[in-house]
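Should a chain be cited, it is by its letter among A, B, C, D and E, assigned in written order, with residues numbered from 1 in that chain.
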Amino acid sequence: MEAHILSDGQIRRTGVLDEIRLGHAAGRTMWVELGERSAEAEDFVQRTFGIHPLVIEDIFGERSAPKIDPYGDYIYVVIHGLRRVDDPTRADLGIMDVVIGKTFVLTQHREGPTNEKLRARLAASPNLLQQGPAWVAHAFIDLVVDRFLPFMDLVRARADDLEHQVVHHRDATDQRDLLPDLFALKRSIQALGRIAHHERDILRSLSRDAFPEIPIDARPYFRDVFDHFARVAEQAETYRDVVQNAIDAYLSVQANRMNETVKRLTLISTVMLPLTFVASFYGMNFKHMSELYWEHGELYVVGVMVVVAISVWTWFKVKRWA
Amino acid sequence: MEAHILSDGQIRRTGVLDEIRLGHAAGRTMWVELGERSAEAEDFVQRTFGIHPLVIEDIFGERSAPKIDPYGDYIYVVIHGLRRVDDPTRADLGIMDVVIGKTFVLTQHREGPTNEKLRARLAASPNLLQQGPAWVAHAFIDLVVDRFLPFMDLVRARADDLEHQVVHHRDATDQRDLLPDLFALKRSIQALGRIAHHERDILRSLSRDAFPEIPIDARPYFRDVFDHFARVAEQAETYRDVVQNAIDAYLSVQANRMNETVKRLTLISTVMLPLTFVASFYGMNFKHMSELYWEHGELYVVGVMVVVAISVWTWFKVKRWA
Amino acid sequence: MEAHILSDGQIRRTGVLDEIRLGHAAGRTMWVELGERSAEAEDFVQRTFGIHPLVIEDIFGERSAPKIDPYGDYIYVVIHGLRRVDDPTRADLGIMDVVIGKTFVLTQHREGPTNEKLRARLAASPNLLQQGPAWVAHAFIDLVVDRFLPFMDLVRARADDLEHQVVHHRDATDQRDLLPDLFALKRSIQALGRIAHHERDILRSLSRDAFPEIPIDARPYFRDVFDHFARVAEQAETYRDVVQNAIDAYLSVQANRMNETVKRLTLISTVMLPLTFVASFYGMNFKHMSELYWEHGELYVVGVMVVVAISVWTWFKVKRWA
Amino acid sequence: MEAHILSDGQIRRTGVLDEIRLGHAAGRTMWVELGERSAEAEDFVQRTFGIHPLVIEDIFGERSAPKIDPYGDYIYVVIHGLRRVDDPTRADLGIMDVVIGKTFVLTQHREGPTNEKLRARLAASPNLLQQGPAWVAHAFIDLVVDRFLPFMDLVRARADDLEHQVVHHRDATDQRDLLPDLFALKRSIQALGRIAHHERDILRSLSRDAFPEIPIDARPYFRDVFDHFARVAEQAETYRDVVQNAIDAYLSVQANRMNETVKRLTLISTVMLPLTFVASFYGMNFKHMSELYWEHGELYVVGVMVVVAISVWTWFKVKRWA
Amino acid sequence: MEAHILSDGQIRRTGVLDEIRLGHAAGRTMWVELGERSAEAEDFVQRTFGIHPLVIEDIFGERSAPKIDPYGDYIYVVIHGLRRVDDPTRADLGIMDVVIGKTFVLTQHREGPTNEKLRARLAASPNLLQQGPAWVAHAFIDLVVDRFLPFMDLVRARADDLEHQVVHHRDATDQRDLLPDLFALKRSIQALGRIAHHERDILRSLSRDAFPEIPIDARPYFRDVFDHFARVAEQAETYRDVVQNAIDAYLSVQANRMNETVKRLTLISTVMLPLTFVASFYGMNFKHMSELYWEHGELYVVGVMVVVAISVWTWFKVKRWA
């Protein structure tokens, strides 16, 4: 557990529980990173900040869906953030817990970068903590959503790329390899879209409902984060349509290719089978087949074959079958 | 019927109806397991606790969907729980009835384990009954939802496994056996998702609506169960998408494999039919076919055949058909 | 038109219009079966009970969707009931009209059984009419919904049976005959589900909205019917999913079977075409084919054929194509 | 422009603008058919009845979706009606504009029949105009919806017919011709359903919202039209399901027929290819094939062929492939 | 940055920041085109008009979804407009920002035409600015929506054309080329429909919610734009159905064509394979085949072949397979 306590315009960073307790008792504004679970930590949080045991259980222990739970003296918010933003087909989500009190913000998550960045931001501008806990919470959540937008850009690029490959390279034989990517991307978008949808609702609540923990002039900032999540949710819907269209097109292209293959088979069979029949016919060993003794018998049969082949070919062309 | 009556800080367990009646008349807090249907039991419950005949009919007799019915003096809740949590493709649901009064909780279900566990919990902490009937009801419902989460873990494992098999082992011939599993899992998820959705709404009602039977400090605990059901409902939606994607992918893989088979058929026919035709041609019995008398006639025809075969093969490769 | 008028604790059954008019004027509680349309009947109903002409038009004439229309002095309810409950693939729905006034219930439908049963029930317990018109209306609607539940049981049995046949008897050749049943069942479920959904809303209105015609102690009974319709609507959704899954599985099984057929065709062609080519090759009439003069030429060619056949077979097995 | 002005219990029909203006100034109730667009007409309507320029623009000029716009002194309603009711696959919709004021109704549409009928109705019962503008508006809208119901009957008949053809005449070869009909019907139903849905909402508003232009005793009549639209919307949903099921069944039947065709091809190939191979085998020109010299060689080879044919046939029957 | 300031009934066009500032301070109504991002511009807008930094950030910097954000003294609206209206398969959307204050309208977008037109309109009728900022904002948004309707006309023409080609030219071989168009059109419609849906909601808010920036007599004009967007959203839904139907029909046509091809293959194989077998049979070299020595052996075998061919053909016709 590590606390950033504002005292006399300075931010003091400490891990000593007694200091945190005294700072809180003295009404000092602070941001506490909760860190690893321990009986001591749980007990400390419950006693010092008066957090409900169920909330503590949620923070440290269980996997929870995104939600906002207003308690009397604080708001408990769970949001999910992206762990990695390098592969659009893998929406790897991590859980972040934020408790917004009147003089404190407690955060808990296992993703290093966000905490690092927030610490850096706090170090750079101590007045963030001076403005109040809601602003720290906003900065924290803002860092989370900031990772969503580049991820959606990757998703868009990949979705467009896959769609383009499916629709415009219909004749390529290696389309089959697009399948796992298409489904992985769809799944990733579905997961992200659902999360963004929930988190949009949470941010809407934070920016509209009159929580005493969120001062009025902080609300536009939460509405800004709401806009971001709304945009992500919107994009997720759009890209899911794109991927679904690509999958549908893929299936149609498959059927088309099958059609082409069967057409070729039909054409070759329709041409070759009659020719082979004619050849077999004159391969019969009947003693009395006068054609076999014609001087130009071979020419004659080749003529027959050419006529048959041209007829079949023309028939197919006229019927527009090939 | 078996009652756990709180008297002087002690829990008394009894099956004697008169004791229950007297205990209730004396305002003692109690939990009553209703047990098997009997005219006597029905009559007793109606008279002693003032339960509406329709509720008694529902409890003992009919199959009911999950619901919450507030009556004047008590709340009647029906929820469905999982009977078994070993097979993710079989969501085997059992019905549980809970009547929450001001001084009593009546429960009825045919699943042994939950009752056993609740009895054990009560034996371990008699203060559960001291806190009030709402807490006992919460413990009872909490035991129900506790079985949902491991079941969803099984579902997730199975869904991921099936999806992986479909998408990554596309060439295996035994994919066909995945079909019943995929549909059974989908059905199981659909059933569970629908139930979780309803029960989430019931728990939302219990945690938000101002029922006099649910004290204010018990509400966070019902909200906690609400969170669990919300999570189950959420997971059900996610996993249903995963399974649906796997089914769609399965169909696409089927079509792909068909394509491959037809391609092989086309290739072999396109190569062999012309060759057979050439052989049949020179099997004709025309007297005047000078080729037949060439000294290297066989070499010549083999040459023709090789040229035909290579041409067809090249044509297919150039056209990217094989 | 036939009325059941409560006079001095006795139920009088009469078809004489004047008696009905006098009974109504005297404030007697009554249940009137409206019977066939006639100008006289329409006029009588409008004058005696003050029913709006549009309602009378609806009752006697038109086909109407389920609805509830509260007028000042009475509630007009239209619900649809099942005419037959023997064939789950045919949801044969009949229309029933109920007008609930303060001292009267008017009913109209062409389904004999329900009326018969209600008459029997009334004969058995005259106090039903004594309790008030709402109770008679409840009994009437309850008889309607009572037919839904056994129908849904038939639907469930059939859906499970069809699903089982599709998924577990995938190799049977007579699957094709399942198609009309699957679609008929789906259609039946869709029709019933939509109706149950509407009627659930109607019953919710009857049990919750404060209609003066529905006394407070009758509301739990309407809520009970609401529960039944909710259950039917719920089941309809579940069974529709089951049938849809079965249809999807059916299509997948079809595709699979096609795959198998084409595989067999490919295998036989791939084995036989080369063999036939070899035989045709040595059927050529070239004078100079030394093989033809070998003493063990036949053995040699059989050897070649066996090698070709085994090669093809092995190739297919190695590639897992057959 | 043609007005029907009520003066002293008589309906006067006039096209003279000054008369209309004076009649309106004198507070006379009137119905005005607006007729063709002209600068004069627009100007007259705006000045005389105080209609907002945007409404006038909508009435005369633009294509508008169904809507209800309450202005201060009048309600502007746009509904779409069917132009023709002869072909269920063509929902040919025309736009009708109605402005309901306190003493006037303005209507505009290009469909002759409705106006004709309304004129006839007005001529038959002048008290329609006496009752007030809302009643005229109701009669007008009622005439529109009256055309929907026979159209839906045609749709139902066609949908049932197509479904029956698809499901029960699965072996007919001319199913392909059902395709354009199925899709045209679906499109027609979708268009109508969407319109009916909107117009139901408009009528709900007219019958429930407390518009001063709609007297209380006229509301049941608008609710009656609402019921009609609700019924049409309901039917559209049902029939769309029927048609969608028919399309799904059609695709399944197609796949089935393909299966059958491929099975036949496989059977004929599997029987004929080995037989041809056997014949080709004994067509080889090896000098040393002792079978060729057997006295009953032909019988022997026929025997072999019969055995091969029967084996293949039996194999297919045992494996249930044909 | 360029401002159109109303001073003494004249519109003054200026780019000098100080003039704008003085004009705003003097309470002059003005329309300001914000132009390119620059630190100076941002600072100026924030200081002069009191715009929130987050709004300025949104206007100049980020890609935002359509939205309406009421701030205390102004409303911030983001809508998306079409950049080009020439190709219905490409919904190329650009972002437009509008800030509506009490005495000013700020607009920002990178699409030349709209600004040009608005400038022209303003030059033509200076009283637009005199009426107030809401009217200028309305004119601006109206110009945006004006481009949607011709685009939807193109979409409709293309959708109808594609549907017609798919359904009525089922035998044409070049259907494959319709695929990219169908999917591109669907995607375009989906994107536009979603945008129109959002913008409809924004315009509904502008026309209904009591914003002090929108005078009451301007509301019908915003409602008119709302109607336009509602119409576009409605059309998008309709056309999406049309395109989806066309895609479904396309897939069905594909399957049908495949069926036809396979039928031809089956027919030719079923006719030719037995004939070839018969020919091969009499090509066998058995010494003792008396038929071979018949004088009319060839006639006999041709007779057999004709019988076989006719039998197969008749069998196919009787079974309705071809």
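Of note:
Assume a contact is a pair of C-beta atoms (placed from the backbone, for glycine too) under 8 Å apart; a residue touches a chain by one contact, two chains touch by 3 or more.
Just so we're clear, the structure is a prediction, and the values are computed from it rather than from any experiment.
Least-squares overlay of CA atoms from chain B onto chain D yields a rotation of 145° to the nearest 5.
In the contact between chain A and chain B, the residue numbers used by both copies make up under half of all numbers at that interface.
Centre-to-centre, using mean CA coordinates, chain A is 24 Å away from chain E.
For the pair chain C and chain E, the distance between mean C-alpha positions equals 39 Å. In chain A, the positions touching at least two other chains are 251, 255, 258, 262, 265, 269, 273, 276, 280, 283-285, 289. Around the ring, the chains sit in the order B, C, D, E, A, counting from chain B and moving first to chain C. Interface residues of chain C facing chain D in the complex, by the touch rule stated above, are 52, 54, 58, 63-65, 67, 69, 71, 171-173, 176, 179-180, 183-184, 186-187, 190-191, 194, 247, 250-251, 254-255, 257-258, 260-262, 264-265, 268-269, 272-273, 275-276, 279-280, 282-285, 289, 291-298, 301. By the touch rule above, chain A contacts chain E in their complex via residues 163, 167-168, 170, 220-221, 223-224, 227, 230-231, 234, 237-238, 241-242, 245, 248-249, 251-253, 255-256, 258-259, 262-263, 265-266, 269-270, 273-274, 276-277, 280-281, 283-289, 320-321.
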